[in-house]
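Look at the two complexes coming up: subunit A is in both, with subunit B in one and subunit C in the other.
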Partner chain A sequence: MANPEHPTEPSTPAGGAGTAAPRKAVVIGGNRIPFARTGGAYAHSSNQDMLTSALDGLVARFGLQHERIGEVAAGAVLKHSRDFNLTREAVLGSALAGDTPAYDIQQACATGLETVVSMVNKIKLGQIESAIAGGVDTASDAPIAVSEGLRQVLLNLSRAKTMKDKLTAAAKLRPKDLAPEAPTTGEPRTGLSMGEHQALTTAHWNITREAQDELAMASHRNLAAAYERGFFDDLITPYRGLAKDSNMRADSSMEKLAKLSPVFGRSLDQPATMTAGNSTPLTDGASTVLLGSEDYARGHDLPILADVVDAEAAAVDFVHGKEGLLMAPVYAAPRLLARNGLKLEDFDFYEIHEAFAGTVLSAIAAWEDEEFCRTRLGLDGALGTIDRSKLNVNGSSLAAGHPFAATGGRIVASLAKTLHEAGSGRGLISICAAGGQGVVAILEAR
Partner chain B sequence: MADKYLNLVNSALGKTAAKKLGLPRPAHLRRYQPGAPLVPGPVLVVGAGAGADAAATTVLDWGLDVRRHADPRGKYGAVILALDEVAHPDDLSGPVLEAAAALKRLRPGGRMVTISRPAEAENDPATAAARQGVDGLLRSIAHELRGGATGNGILLGPDAAPSSSSVAGALHFLLSGRSAYVDGQFLRVDGDGATIPADWDKPLSGKVAVVTGAAQGIGAAIARTLRRDGADVVVVDIPPAGESLAEVANAVQGTALQLDITADDAGRRILDHALGRHGRLDIMVHNAGITRDKLLANMDESRWTSVLQVNIAAQLRINEQLLGSGQLSEAPRIVSLASTSGIAGNRGQTNYAASKAGIIGMVRASAGQLADSGGTINAVAPGFIETAMTARMPMATRQVARRLSSLQQGGRPGDVAETVAFLASDAAGGISGQVVRVCGQNMVGA
Partner chain C sequence: MKLDHVPSLPGLYGTAVAAAARDRVFRKQAAEQLPWVRHEVDRVPVDVGELTRYQHLLGEPARDCLPSGFIHALAFPVAMSVMTADDFPLPLLGMIHLRNQVEHYRTVLFSERLDISAWPRNMAAHRSGTQVEMVVEVRSSAELVWRGVSTYLAKGVHLPGLDEAPEENPPRSGFAPPVPTAKWRLGADTGRAYAAVSGDFNPIHLSAITAKALGMRASIAHGMYLASRALATARPEGVEAFSWDIDFAAPVFLPATVALSVRGPEGTRHGGTGAGSGTEYVGWNPRSGRKHFSGSVTPLPH
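Entry: the complex of A and B
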């Protein structure tokens, strides 16, 4: 990031020349609750309830009752102010030992992956032996704030000492101040929703409606097939009567997807292509990942699914239109690959978070584009291509849904299990986030 | 599910009213509590010969107050009636009449235990008549006992020495509060495969047990009881039941395994989980079962097949995989849940009764295979147990069902669990291939 002329120049690898390589941090397993479309099965569940349940399911799966975990990091994107210590409160309500420390992280949709990265780094440094990373979000139980006008009046009232001061403060209240403010997915600096931002990028890369619908259909079918073969038996614990992701449509078809009307990009010159079918819905859910040193896993007779090799964050200037809002992972990936001496084709599985089908397809198109890779990424040529049969093989956010902070944990646990089942290989994770940010990571099979 | 009538007739006013009106007067049962005395008073041992002497020595070793002669003023916690040497019905009269006088002096929650030998075809007719006579005698005594006292018998197989630890193990169970809802039953003891535990309150210490269908009801009670007795417990249930399964796992500090037991590799997955996480597998409890009631004339294929698949075919397959693996611990224990429907039949339950009777056949036929490794396999047949299922019965039907047993009340899931835990223990090593009813001597199928 420090060198805008060569944005892909890798930073010095951790434990570089002259120092011993840090020890490994491994994925032991994961647990999430099924994801529910907002206003559905979890309409009356709070972030804390859901995160606690996801933790308890993880504890039950791995027999961690009353155990002090090194640290728990989790977060939520949509968060009540009362949930300032969300993760610690969830730990206290769970079956984990009460002396397990915990903290919150927030990096929009990359929150879940960033919690994994943070915990992994502490394990690699030898600061902790075990960790749980996670994330939770609810748009059903979203915080609703009072308007800025009412907030100012209330604060002035609380400071007012005399009756006259109080009346003066109260008199500033206007009827419009009484309307509550709900959170939106709009970007504060552009006022555009995430979907409208993506519509710009989708149009820029000429991603067709058909290609987006195909990706959406594959997501549903892959997810349904994974359920069918029991893939999620040890990754999910039901919650509130829901046993499977409620957004999943196993019978999804191109015909059904083709019937949906576009919802984003309708004011652009090009035909609008983004529909409710190829965009993720608002979703509620929580996920957790159990991480540890190799010694911890072996000493506790716990499985080792994958190594978390490395990760990289990036951000782009979407405010001035230089790059698409959700394109940051496109910049993070080449830096991560270079640092690890890998090519884009060196992976057996790719987990590219499906915020929108257009996000995934734009990223792939950008990596395949020689001109873009030279001018924007500072590479000699195209970064490479992705074998689509290795992409999101057990479904992704278009089918499962996307409770913002919970998506990273879902992907890490699922990919780790996929790699472990395969017996060998490497997986690349790419997650875009609001604010023009993105995080990518590499996992290796164990 | 609370039995309000039971509580009413045990109140001062209710007791008098019920007595005057000749209504049933069920008693609060003496159930096991860790640390409580084995029996609520001195033990009277009636009879002469090896059985009586061995029983007296055994209970004396347990530090109990043992009497060999009935004291007309004494109160007893238990009466042991040894009839193992009877060779003619005339031989019954002396000891039986001596015991008769003591029965009136049996304390509430007392125990009557007969020790005898089974009548076999090769016995001379007089001996067989005397031995078979004990069967009718004991079952009638059990009907006559009041105040929560129970009557059960131990049948000594041809190679079971009265002084063997196998007999001691069975005797301890029948005297204890663990057998509170076992009434009018015989336990047949063969060989000397039993081991007396170092601590009677932790008989399963160091063992690893698997319980299927453990998310709720009787299965959850079994998990809790096995844990109380010292075992590490793996709780298994179908993935959709995962939320309550996790709660049970966390309550018993065990691990949850979400698994459909009808999967082809269910036995292998159970074994892998137990060995991988807990290092061994000693006890397999097949509790999972379903009902799909319909009169046979209206039975469809899915109702019939699903019940047979879950209730018996899955168990056969799992047992085959477990026993064929050679990876079970020394002297393994398998306990299956049968049902009184499998013994007596039940209208509308042809499928269920066939599956449960199948279990009885399965354990009888599997005992020989397990005997090679010192293992045992048995079935437990619950009678009317107060569960969520029976709570849905119409009130009047439920009240009648409760009073249809000698103990005049329904049992608790924990009562079934106690018998399962006993059969899973080393002390039950002399018992195999049998069905133990936990039914309060229910009239149905008696």
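Entry: the complex of A and C
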């Protein structure tokens, strides 16, 4: 970059037509704790415990003790009601200065990426100089709610003023009201689990069992190789005795994956193809990303790994069967590419979150489908093809696991480091989320 | 006939049970024609607490406007009052709900006082009994805001004087289940839960025991519960005036899993869901592939 202070060159990427480009926001680095399969090493750790630990590792790595950061944004998908200020509480418990403001975000599995996007936007606007984005989730320490019946009785009791009112309210309690309610991965409007939804999309795009197993195997091998060459040494801090993601199977093979029985899509006409091997398991974990203006990074003698260029969110109507639940990134990507004057082939790395192998392969198939791209995406022809050797090169969620809100931070930090190691190039991130949503983003090497 | 208030449904069911017992004892000759009556109740208020409970059970956001199925439930006792009167020729107990056709002309707020009127029409022979339509109209300050036609079948009741029903069975078009867009898991208490918010305590919906007493092998879900839940999903957002219909096929025995498919008229094609495009829906048993119901929602021109 010619002018590190305030670049005045005319807008290309993020500025929008006719306006001067805002200043850049860069990824300085990241830190996460290893992801653990639910019920494992972090079975008794809360969201706040894990987020604080991930923050502490980031603080230690970049010497941020007692430093006031511009703002910290993080979130969790499965959240206790007592965790209303989860991120601020984690900051208070961390080594960061106590006068660091923080807030929570929740956009299902896109939470982590959305925290990065909103922090980056504040940096670009000059509102803050530094920021930490992050996310955490635990399915082990999940909130259990009292039943709706008991909840209504308790609320009515608290509103009752006289003894008679109280007795009337308490008398409404029924034995079945004492059964608790645990959170589910079911979509509220359809009652289908995320896996059942994806099974419909996987079948629609005729994605084979073999193709899904191949993607899963590549994810495990790429992640294991990345650990092997020390790629995660400055991206991960061990926690609770875990130094690597506990879901990773370095010795995964097509034979082993082929032995697993299908778990989703068993009631469809087509053979069921989705197994525990090519679907992500429930996972616990936390991730953080340190972001800043170029001035901040240079002024604090911190590395600059990548620019966060631009991002786009999309949503699809899955309730009326118009599109698959996890297909929103397919719609977000062409809008993002058009705004930035880029083609799908203009990237050196693709990070497509592996909610299920079928999700990744359905997205790729859709972008390659001329008819789909013309009629659904409004393009002239197919969006393009992805060179599979550039896809999820250091492994993704099938191997690492997927603690919902922590996945975005994992991907942003890993891709920024990958780009920086390559020395040049561009990366595309695509993350699908519950509610038919998705967020995509572009990073550029520094 | 003006009623001074909306009759209570348990009371009407009591009347129906008494009538059934009396007819059995005295072998009373039933009337053979529909009575020329219209039962009316004016300025019916809506209890906002009941509305909220209804909305939460059916998956509707608790807005201030009334779901179409809620208006049906509100007006249903007036139709029942016609059907349980002495001059009504068909026995109420054991009647089967065949279909519903509703025009919902505008947003109706809970604060409005509603004038409800109900009358029967089109009694006709059906291959397995006699069917009749109940028309219900709901007005607010003289403006027609909602109109529903429910078709019921009195199974095994054949009245003289009605044209012979076509003997041959209608073509049983083979139902091929489409790709589901949703799955409902209905517990054994689904009928009781809907009865609590709708007031429809028909014993065939309440428990296996009360249903068996009326010859059912298990309790069945209220047709209007299924219709209202489907409508909560299928009604295109932002459409305030619409017509909808539902045809009931195999009953839903509780507990049950019901697969649902909701589709815009453009099928899987890309397109908006705003005004001008309706939706179609169908529900079926994912195990047996038997159809439970099907219907559509169509925006009305303003």
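Remarks
Throughout what follows, the second predicted complex is superposed on the first by the 428 of 446 C-alpha atoms of A that agree within 3 Å, B and C clash if a C-alpha of one lies under 4 Å from a C-alpha of the other, contacts with A are read in each partner's own complex, and residues count from 1 in each chain.
Going forward, a contact is a pair of C-beta atoms (placed from the backbone, for glycine too) under 8 Å apart; a residue touches a chain by one contact, two chains touch by 3 or more.
Model, not experiment: these values are computed from the prediction.
In the superposition on chain A, A:P303 contacts subunit B only, with no contact to subunit C. By the touch criterion defined above, A:A211 lies against neither subunit B nor subunit C after alignment on the C-alpha atoms of chain A. Residue contacts after overlaying the shared chain place A:V330 against neither subunit B nor subunit C. By the touch criterion defined above, A:H66 lies against subunit B but remains apart from subunit C after alignment on the C-alpha atoms of chain A. Of the two partner chains, subunit B is the only one that A:S53 touches; subunit C does not reach it.
Once the two complexes are laid over each other on the shared chain, residue contacts for A:S267 go to subunit C alone; subunit B is not touched.
Set against each other, subunit B and subunit C touch different numbers of residues in subunit A, with B touching more. Of the two partner chains placed by the overlay, neither subunit B nor subunit C lies in contact with A:A139.
Those residues of subunit B that touch subunit A in the shared complex are 239-243, 245-247, 249-250, 253-260, 263, 276-279. Residues of subunit C touching subunit A in their complex: 59, 179-185, 189, 233-234, 261-264, 268-271, 273, 279, 286.
Contact residues of subunit A toward subunit C in the complex are 176, 189-192, 196, 200, 204, 267-268, 317-322, 375-376. Subunit A meets subunit B in the complex at residues 53, 56-57, 59-63, 65-66, 95, 230, 232-234, 236-240, 243, 301-303.
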